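Each of the next two complexes has chain A plus one other chain: chain B in the first, chain C in the second.
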Partner chain A sequence: MFQIFLVFFLWDTIFANSQRIVFGYDRQKMLTYIFGLIIVRALVLSSKANEVGGDISRGDIINLLLKPISYVKYWLTRDLSSKGINLIFAVFETILLYFILRPDFFLQGNILLLLSFATSIVLAILIYFLLLFTIGLVPFWVPESAWGISFLMLVVVEFLSGALFPLDILPVSVQSIINFTPFPYLLFFPLQIYLGKVGTLIMLRGIGVSFLWLGVLWLLMRSVWFKGLKSYQAYGR
Partner chain B sequence: MSNNFKAEAEKTIIVERLVKNFELIEKKDGILNSFLSIVAPKKKSITALKDISFTIDQGELIGFIGPNGAGKTTTLKILSGLLYPTSGFTQVLGFTPWDRKPEFLKEISLVMGQKNQLWWDLPAIETLKLNQAIYELSDSVFRRNLNELTDLLEVGKLLNTQVRQLSLGQRMRLELIASLLHSPKVLFLDEPTLGLDVVAQQKVRDFIFDYNRRNKATIILTSHNMDDLIDLAKRVIVIDKGEILFDGNLQKLVEEFAKEKVIKLYFSKNTDIKKLEEIGKIKRINLPQVILAVPREVAAIAASEILQNFPVADLTVEEEPIEDVIRRVFKGEITRKEKRLLKPKASDE
Partner chain C sequence: MEDRKEVQNLKLRIKYFGFSLVIGTFRAVSKFSFKFENIKELVSRCYYYFKIWLLMSKNSFIVMLEQKKLFFLFLLGKVLRFGFFILFLVFLVKGTENLAGYNSNQVIFFFLTFNLVDIVSQFLFREVYRFRPLLVSGDFDLVMTKPMNALFRVLMGGADVIDFITIPPLLIVLAIVGGGLNPNFFQIFSYLIFIINSLMIAAAFHILVLAFGIITLEIDHVIWIYRDLTNLGRFPVDIYRQPIQGILTYLIPVGIMMTFPVKAMLGLISSWGILFSFSLGILMVILSIKLWNRALKSYTSASS
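So, the complex of A and B:
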């Protein structure tokens, strides 16, 4: 919440002259980006899967391994239900902030873009889940690493996903490298679609890259999972 | 399906030449050593199970005993599919445990005294309903099993209480219900009475006995509680340092491992008890009664010697109490030497 105010007033000051365009954003779109972040963050970045590492290093995973239930699907279900709850709060928060700050929003009217936006959100949710889940499996080998490694992951995600600033204010060369990683497809890319800032071709390419990452991460997760189970020592309990 | 037929034709549990090695990373104290262990970890391999073999029939209730760190829990974890063994053959109900097939997991349960599966912030009934969904139990089966279990364990009134507000004994009994709701055919119990008071222990014990009989369930029990073993297990497997030292009837364990016999004496008049020390170890003096422990081989000679030299009103020669033998097992005093002597006898079971 506090962070939102900070970011809002920062950009509000930069766009004090309402005709001004910075990095290709006018005042309205930048503020929509900031507000869109609240909703998209609540959907994508609020994840239960960051508890997987702790579950494994504490040994609570034993309860689930003993049951006829898939561990991945169990966490995906918990993930999605917690997102549901988060979304309710995020909508509430947005409405509240809207009335406090009274910005003029950019409303996307193109149905096709809205559908693509929704698709990119679903992809982002799954990619982020797989990233966190796979990272959460490291404690199979190094039980004490649970907290550190997921924290490192959060820092990287925060910076490279566009949670702090729109990524297209970075130099083009840096952007093109970042675009090969899965991170910009978590927040930045969906919001770009919503704001109508990408052409059809780039949009399709972005969705294609997201699908590719989804597949790669799925395979990676499965291989790490099976290797992890083999070296799991189920200490203590 | 073919797996089920296979299981009926064969033993419920087969373990052959099972070996499990663990790799440990050694860390010395201090910050410098912590860094060193990251850069160049010192790995140490520990053999938790060395080549163990046994089979168990359907409906058997077996006590698994041995000192701490003997390999009991490791064996149970392998049998329930939590750990991959280093080598060896293991089959439970016709399945390879670590494949963790849903059909296998629906038929087993592992209960650990120090493990919680109940959701801490919710009443127990919520966890039980979640388990109903996970094990795909119909409402009628769920109701029937739940009523039966709550009656047996006398916890019907506690189902709607938040778990964090329950006492340890109450919680343990509800944990048992959560683990047994799907009526597993094979049950692994690791210290099921840990931390319970005497009354609660007895309730859990009666329940295990009953469950074994009613459902023809196969049960392996580990416990450091003497009464658990004496009340429940007919057959015991003694394990220490990853090796099986004895496998057979509990009564036989006493016969085989008891080194001493106990002579109970009632003196008819006062006498110099000190002289008794030359014959055996005085265990208790409560005049006119004296209890004496003598080596098995010389028990008869010792008895006759006492009868000749002391004013004895009554004398009985008894086996060493079962508790004492088991206590020696827990202390790890039963050694491999004895095992070698025993082997031919134990294997013709």
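So, the complex of A and C:
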């Protein structure tokens, strides 16, 4: 919540003149981006899959491997249920902040854009889950790295997903490099669709790239998972 | 017209609060009388604790360096986070021309100063994050039976090697960016004194967290609230609207900790501001130690 305060007032100062347009945003759209982040973050970035690494390094994974359930689906279910709880808090937080800060909101009325926004959110949830899950498998080989690798991942996601600032404040060359990674499709791209800042072609291309990343990460996760299982010895258990 | 009156009233109230604070600090300080013949003993005590701190820091460094991969990942994460944020600031101020009246060099200097205070206080007071296990296991009893101050042990007993490594490059960058602001000798001196004051306030906050921990066993969440609050000082507090700006400056002194050192360097702090800041710093340390002593009396050594 404090971070939202920081980001809100930062942009509030920049847009002190309400007619000003900076980085292609007017005051209303920028503040909608900041507030939209609360909800989209709760849906996408609140995840339980960051505990997979600890589960493996502590050896707790064996308890689930012995049960007749899929380990991946188990974590996906936990992930989705935690998002539900976080969404409730996020909505409460947004309402509270709205009454404290009284920002101008941009409400998107285009049904097609809203449907595309919802699709991009679903894709972002799955991409983030696969990213965290795959990274969480590293402790199969380096057990002590569980905590450190999660921290590194959070740092990268925080900046490259647009969680702190919209990525289009960066130079175009930097943006085009970032667009090759899965990170902007987690927060920045869905919010761009909601704000109507992308044309139909770019929107379809973005959704296509998200699907592509989903496939790549799914294959990568499966490959790392099976290799990890083969190397896992469950010592000390 | 009425708005102007309200602002004037608010300013008067703040001044009255500040004046009371300065008087209160003088009263509190006057109770701590030093005898000049005891100065030699004081110096030898300081040296004794410095040796203990070196020993405890060495042990803490060895423990951390034992896990080289983890150490590398955390170091990389911290460097990346710092680098990303600097990049963001550069592009932000480039696109907006200024932020709350400050140019890009000044905004970056604000951020670097925030990092200096944050990293040095984490380097010194990292042990606070490990206080809860000591309390709930009852191992805190063992700390209290040792021939040293228990507060010193739980506050400064585990310096963080990652923060230690990041301090020298940060100081170099600070010197380069700060040099570009063309400060005179007095401004640099004020900046350094204000940094010491910021570290005193940070120490007071950490002592308050420890005292609160003894009373309630709640530490982890409180320390993260403190971290979140101080993070509001990444930018000058001038970006916040009133009354939030006033609260962040005078009530939760994030502004005094993070913004005032740079303002002093830029020559933007009045003598009243200097007096108020240092009074608050000293008073917070005294009050936090008093609260710690009171909390110790309520420690029941449960589970040991």
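Here, the second predicted complex is superposed on the first by the 237 of 237 C-alpha atoms of A that agree within 3 Å, B and C clash if a C-alpha of one lies under 4 Å from a C-alpha of the other, contacts with A are read in each partner's own complex, and residues count from 1 in each chain.
In this section, contacts are C-beta pairs under 8 Å (C-beta built on N, C-alpha and C of every residue); 3 or more make two chains touch, one makes a residue touch a chain.
None of the values given here were measured: they were computed from a predicted structure.
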Contacts for A:201 in the overlay, against chain B (first) and chain C (second): which applies, first, second, both or neither? neither
So in the superposed three-chain picture, is A:164 touching just chain B, just chain C, both, or none of them (first/second/both/neither)? second
Compare chain B and chain C by how many residues of chain A each one touches, and report the one with more. C
Figure out whether A:172 sits in contact with chain B (first) or chain C (second), or with both, or with neither. neither
Looking at the overlay, does A:233 come into contact with chain B only (first), chain C only (second), both, or neither? first
Thinking of the overlay built on chain A, is A:149 touched by chain B (first), by chain C (second), by both, or by neither? second
On the A-aligned overlay, A:65 touches which partner chain: chain B = first, chain C = second, or both, or neither? first
Under the definition above, what is the set of chain C residues touching chain A in their complex? 67, 69-70, 72-74, 76-78, 80-81, 84-85, 87-88, 91-92, 95-96, 99-100, 228-229, 231-232, 234-235, 238-241, 244
Touching chain C in the complex, chain A uses residues 1-3, 5-6, 9-10, 12-14, 22-23, 142, 144-145, 147-149, 151-152, 154-156, 158-159, 164-165, 169-171
In the complex, chain B touches chain A at residues 22-23, 77, 80-84, 98, 100, 102-103, 105-106, 108-110, 112, 114-117, 131, 134-135
Inside the complex, what are the residues of chain A that reach chain B? 59, 62-63, 65-69, 229-230, 232-234, 237
